[in-house]
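See structure below.
Here the chain labels run A, B, C and D in written order, and each chain numbers its own residues starting at 1.
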Amino acid sequence: MDRNDKNYKRALIANRIAQELHDEDFVNLGIGLPTLVANYIPAGITVHFQSENGIMGVGSAPTPENQDEDLINAGGGHITALPGACYFDSATSFAIIRGGHLNMTVLGALQVDGKGNLANWMIPGKMVPGMGGAMDLVTGAKNVVVAMEHCDKHGNSKILKDCTLPLTAKGKVTLIVTDMALIRITEKGAVLEEIAAGLTVEEVLEHTEADLIVADNIKEFDV
Amino acid sequence: MAKVITSKQAAEMIKPNDRLMIGGFLAVGAPELLIDELVKANVKDLHAIVIASDYENRGIGKLVANKQLKSAQVSHLGTNREIQAQMNAGEIKIELVPQGTLMERVRAAGAGLGGILTQTGLGTLAQEGKPVIEADGKLYILEKPIQADFALVRAFKADKLGNLIYNKTARNSNPIMAMAGNITIAEVDEIVEVGELNPEEVVTPGVFVDYLVKREA
Amino acid sequence: MDRNDKNYKRALIANRIAQELHDEDFVNLGIGLPTLVANYIPAGITVHFQSENGIMGVGSAPTPENQDEDLINAGGGHITALPGACYFDSATSFAIIRGGHLNMTVLGALQVDGKGNLANWMIPGKMVPGMGGAMDLVTGAKNVVVAMEHCDKHGNSKILKDCTLPLTAKGKVTLIVTDMALIRITEKGAVLEEIAAGLTVEEVLEHTEADLIVADNIKEFDV
Amino acid sequence: MAKVITSKQAAEMIKPNDRLMIGGFLAVGAPELLIDELVKANVKDLHAIVIASDYENRGIGKLVANKQLKSAQVSHLGTNREIQAQMNAGEIKIELVPQGTLMERVRAAGAGLGGILTQTGLGTLAQEGKPVIEADGKLYILEKPIQADFALVRAFKADKLGNLIYNKTARNSNPIMAMAGNITIAEVDEIVEVGELNPEEVVTPGVFVDYLVKREA
């Protein structure tokens, strides 16, 4: 295994996040890396995946010949519907999201900070894709998990003291999982609870701009 | 009875400066026939209320590509470079609205509400220029209804009263927009006789639907 | 015919109101007298009746052996559902009502006044049944028609200068039809447009407390 | 999976001072079995959120007759003399709420809204004590969400995931209340296997439902 391999990192992050799931959780996964979480559901538990375009019970991707043009996820990708799935309109879909009925949402980030602020929807003057459903998801889900690489391609920390990009939501992130660390946002601050195997706490702190509280019982990822 | 008309008749009702809600999510569930007819009619200066700007060659992206939109209220532009180019060039005025807020604002118009309070967008750019109200010790953004002259929606089947059912995730924004258009036009695959839809299964009651356009087989 | 017979009066009022309906109108009828309007729909037009408990397409009353315990109207009476009827939840039902999607609602009144104010939901210290859906109907429907006897049982006008009972809604009534008169509430005031056959304008004015504008082309009810 | 429990187990979860939304309209669509069990358990000091107070011997009227309610938010009392007597005697505190407003306030709780603006009740007693807000030149009452510890609803069929469908006008307030209870318990005629309900036909997604109680045959 190559710790610097992008696919290795993504698998590590997705796998660790999957361990946070509980039986019968209702979960929304953002596009990209977060989608991979579905591949690592712990044995013996059932998790229900929602997609904000109007389905609960998202199944795996269909084979090309089984694609249905009227059945997609919020990323526009073809999906299947599991037995027991149901369809609903967008207002109901966001009532589920905003009404606190999702146990978890997993999203990518451009930046996140120690106060639980998240920026993932625009870079002024450069990229303005719009927030889509991200602001609703981050504001409404019980647990808001950020899945991302710890540093950007220049090696700079994406976990800042203060986000500098326009926010998606203020103070709503509950957990950050990167290829280096698991950081929980608590009332006391951002707590470094786990580090990836082979790393030292010092290495993680060095690559993190935000102030971290190092947990007494700090552990290695168990994935 | 909802009146059955052609897509051409539908497009002819729509005039420059009209406000259009158009159903669909990344073009799935979009009324493609009505959009094509609008492109043909080449009506300009339209305002669009849509979840996403879709793709340059699918959904409302086709109206963008043909430069028929002067403005839009939309939650996501990421799949359409053309709309981003027009936005950067100042050719189209974009109000980005969080998707859940967009749906509640459309629903508010259909349901006769004067607005709704939401925490989505608090402390972000989405809050700019909007009243912030305290209720029971928490802060909320007051979001106002979004009205439209027309709602153009896509459904699977209609009966002749205009009752609608949808197919899978092609449902998305369509039932909410159908409630909210001053005039609602539904593009459907099939029109069945009154009594042929199961009354428990109807998603959009016909009271919300003014016109039906049948897709060609 | 006996002009003072209650059933005659009710039939007259219902019949006259029915003439206000147009083909393909969506209408909500209150319980009691307003329900009778359905019996006088003009030939050649179709009207769709909603009941706020969640149905569009109310049909006539069932025979006792055809009653369905899960199929009632807002008055609790058994109904049938016409072909093409559909069921919806109460929030959608009131979205129809409050969103301006009904062409007409017909309600009874304890009092109404020349400004279009209506009181029909409580008599302080005496009767407090609650407003049910009346406030929503009167606020939301495009046309709000009051169906009632012109005078109370003591012979006093129920059409007042100002309602004295708690209001159901302010300034929302558009038309008042009684056994004596048809009065339209306009921006200029309450206009006496029609009187029942056999009455004089003076008799109507005598029995009306509210100030009325007498229409130039005043007519007799044509029912 | 929604957990299948008995009506007795359901009633045992409910404690004095709990806030209960109870579905039904004049007892049609009311969860009669759950209500009967609550009467048996004789839990007092409950707060009810209901469309109507039903009849002394049907629907929530049975809780009224057994003097288990200390307060209620309700739109109509006209069919139940007992609740009017208790109200006049100061034994029950009643907040009368216009029915459409009641449904939007319940929905607001389920949908995470901080409130809604409505013109229903403006200039009437229903406005008393509530903020009036101007939006786009019109006045509206700001109506706040109504929360509940439990939503007790009645449906026709459930699948084991808790997806629900209803029967005719017994649907009424049930789908809205199902969205809003902290814990939602659905009393159903039938529980079918996962996959047996048509996914297009589901009215209440199972995500809103925590427990199922099956009516005895």
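The working rule: contacts are C-beta pairs under 8 Å (C-beta built on N, C-alpha and C of every residue); 3 or more make two chains touch, one makes a residue touch a chain.
Nothing here was measured: the structure is a model prediction, and the numbers come from that model.
Asker: Measuring centre to centre, with centres taken as mean CA positions, what chain is farthest from chain B?
Answerer: Farthest from chain B by mean C-alpha position: C.
Asker: Could you see whether B-C or C-D has the larger number of C-beta contact pairs?
Answerer: More contacting C-beta pairs are found at C-D.
Asker: List the centre-to-centre spacing of chain A and chain D in whole Å, with centres computed as mean CA coordinates.
Answerer: The separation of the two C-alpha centroids amounts to 35 Å.
Asker: Can you check how far apart chain C and chain D are, centre to centre, with Cα atoms defining each centre and the answer in Å?
Answerer: Comparing mean C-alpha positions, chain D is 29 Å from chain C.
Asker: Just how far, in Å, is the C-alpha centre of chain D from the one of chain B?
Answerer: Chain centres of chain B and chain D, defined by C-alpha means, are spaced 32 Å apart.
Asker: Which chain C residues reach two or more other chains?
Answerer: Within chain C, residues 81, 87-88, 91, 94, 97-98, 139-140 contact more than one other chain.
Asker: For chain B, jot down the residues that touch at least 2 other chains.
Answerer: Within chain B, the residues that touch at least two other chains are 104, 107, 111-113, 118-119, 166-168, 199-200.
Asker: Touching pairs of chains, which are they?
Answerer: A-B, A-D, B-C, B-D, C-D
Asker: Which positions of chain B touch chain A when the two form their complex?
Answerer: 25-26, 28-29, 51-52, 74-79, 84, 87, 96, 98-101, 103-104, 106-107, 118-126, 166-176, 203
Asker: Would you tell me which residues of chain A are touching chain B in their complex?
Answerer: Spelled out, the residues of chain A in touch with chain B are 51-55, 68-74, 76, 81, 87-91, 93-94, 97-98, 122, 128-136, 139-140, 166-171.
Asker: Quick check on the complex: what are the chain D residues that touch chain B?
Answerer: Those in contact with chain B are residues 104, 108, 111-119, 133, 135-136, 138, 140, 142, 144, 165-168, 198-201, 203.
Asker: Sort out for me which residues of chain A touch chain D in the complex.
Answerer: 24, 26, 46, 48, 50, 56-57, 81, 83-88, 91-92, 94-102, 139-140
Asker: What residues on chain B touch chain C, complex-wise?
Answerer: 1, 107, 109-113, 159-161, 163, 179-180, 194-195, 197, 199-200, 202, 205-208
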